[in-house]
C-alpha cells in the first residue's frame, strides 16, 4: 500500500460542538493488545480480607500489650533539673550514641542528612537497577577500591575511637572478602548467595547493622553521664 | 443421600461462619460504643463548688435584697427570715438586677420582671426564679447550695437567726 | 405464612431507600464483587482485580498494610485523647495524669497510643528494608520509593512531636536535646531552632506548636502522601516481582524456546 494518504481530514472549527473521536487505521498497523499472562484475582474478597485479617491480628497484639504494659510517665517537666542520663526516644538513640563521638554538626546534621539523601537516590543509579554481584565484574579493580574504602573508614573510626561503629564495619568487610572469593560456581549455597549480592546490598546491610548496634548500645549500655554500663547495672 | 437427610432449616457451614463472624464484630462494636460513651462522660469536673458562703447574717439588714453577681444569687432578708433566690433569669439565662425604685427584679435581656418572692410579674420567662437551699454553718455563716431548689414561701425555706 | 429473617432482610434490600444508598448490593458474582470495589469511594483506590502475586505473604510480610494499620489505630486513639488534653503548661501534665487515673478507659487509650507509635516506627523501618532487599524500587517504581522515604520522615516527626505532649521530664529533655541538634545546622541553625520552638527554650509556645504539628499538620500531610503512595503502587503495576516483570518473562520465554530448539 502506498505511503501517501488516500483521504483528507478537515477540521471543524466550531468549538461549541462536542468533539468527535475518529480513528485512522491504515493497512500497516492494527490495534495492539498487551497480552496479560498472569493469573488475576478479585480485590474483594481476596485482598481486602487478607488485609483485614493482618490488621486485626496486629490490633489484637497491640491491645494485649496496651492492657499489660503502661506507657511511661515521669515527674512534671522541670527546666532546672536535668535527669541523668537524658535519653532521646529509642529510634533516635543511634544518633545520640554518635553524638558521643562526633560534634552535633556531624552526628546530628551531616550524617542524618547524608543518610536521607543516600536513601532517596538509590533507585536512580543504574548500578542498583542492574544489581549484579559486586565482585563478578572487574574483580581486581573493585577489590582495590574496596580495600581503600574499607581501610580509610576503619582508620577514621579508630582515630575517633568509635569502637561501636568499628566492629560492625570490620565484620561486614570480612563478609565482603568472603564474597570476593566466591563465585556462582562455589560449592556452598551461602557463598553462591554472597557472590551474587550487588553493591547496594552491601551498603544497605552495613547501614542496617550499624543502626541496630548503635541503637542497642544507646538503649542498653549507656547510663548516667552517657558512661558505659552493663545492661543489668541499669 | 446426605441431601435427603438434611432438613430445610439447617444452617450450612458458610452461613454459620458468616453469622459467627458478623455476630462477633457486632458484639465488639457494641462494646466499643459502650466504652466510648463511658470515656466521653467525665468522671471529674474542675468547676467551682455549687455551695456559696454568703458571710454573716448581719450583713443583710431587714428588708434588703442583695445580689452576688459572681455566684448568681440574691440574699433577701424579709420578716420571715433569710432566703435565697437564683439571680439567673429563667428565660434564656441572663443575669437579672434588683430595681429598688420599682420594688422588683428585672431582666435586661427581654424584659422579664419578678417580684421579691421570685414570682413572675410579666415577660417571656416561663418559670419563677427558683428558691435555693440556705442554712447556717457552724461558724454562723449563711451558706447557699445553688444546685438544690426548695419550695418557695414555706417556713423551711427560710433561715431564722 | 410467616416470613423468615432472611426474607425480611431481602425485602429491606429491595426498598427504594436502601437501593438509593447501596447501589450495587452484595453478591458473589464477579460483577458484584468488582462493583463493590469500583463503586466505593474509599475502596476504588484499588483496582477491581489484582495479579495473584500481589497476595504473596513471603514477598512483603504485609508490612506496608501493617504500617497503615498502626497509623489507623493511632488516629483512632489519638482523637479521643484530644478530648481531655489541654496543650498548656503545666495543665498538659495534669491532664496526662487524669487520663491515666481518672478518665474511664483513659489508661488503655494512652497505652495503646504509645505502643502503636513505637510499633509504627519499627514497622516503617522494616517495610523500607524489605522493599529494598526485594529490589522493589526499580523502574518504574523509583518515585514511589522517594515518597516512602518522605513517609519515613513524616513518621519520625510525628513520633517526635507527640513525645513532648505529656510534658514530663522524659518529654521535656528529649525534645530539648533534639531541638539543640537542630540548632547545629550551619547558617540557619539558630533560626530553625527559634521557629521550631516559637521561642528560645522549650516552653508553652513550643508545646502548642508541637501539638498543632502532631494533631493537624503532620497527619494531614502524611495522609496526603499515603494516598499518593497507594495510587503509585496501583499505577506501577502492583507488587514488584523480578521474575514477573514483562521483560524478564519475555527473556525467559525466548531462552526456553532457544534451549528447546537446540535440544531437538
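Every chain is named by a letter (A, B and C) in the order it is written, and numbering of its residues begins at 1.
The rule is short, and it goes like this: a residue touches a chain if its C-beta (ideal position, glycine included) is under 8 Å from a C-beta of that chain, and two chains touch if they have at least 3 such contacts.
Because the structure is predicted, anything quoted here is derived from the model rather than measured.
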| item | value |
| --- | --- |
| Chain-level touch network, classified as line, ring, star, complete or other | line |
| Most centrally placed chain, judged by C-alpha centres | C |
| Separation of mean Cα positions, chain C and chain A [Å, integer] | 18 |
| Geometric centre distance via CA averages, chain B-chain A, whole Å | 61 |
| Centroid spacing, where centroids are CA-atom means, of chain B and chain C in whole angstrom | 45 |
| Chain C to chain B touching residues, read off their complex | 80, 83-84, 98, 102-106, 109 |
| Chain C-touching residues of chain A, taken from the complex the two chains share | 37-48, 50-51, 54-55, 58-59, 62-63, 65-67, 69-79, 81-83, 86-92, 95-96, 99, 103-105, 108-109, 116, 119-120, 122-124, 128-129, 131, 200-201, 204, 208 |
| Interface residues, chain B side, partner chain C - complex | 35-36, 38-44 |
| Residue ranges of chain C touching chain A (in the complex, touch as defined) | 30, 33-34, 36-37, 43, 46-55, 62, 65-66, 68-70, 72-73, 89-90, 93, 96-97, 100, 107-108, 110-116, 118-119, 121, 125, 128-129, 132-133, 135, 137-139, 141-142, 145-146, 149, 152-153, 156, 159-160, 163, 166-174, 176-178, 180-182, 184-186, 189, 201-202, 244, 249 |
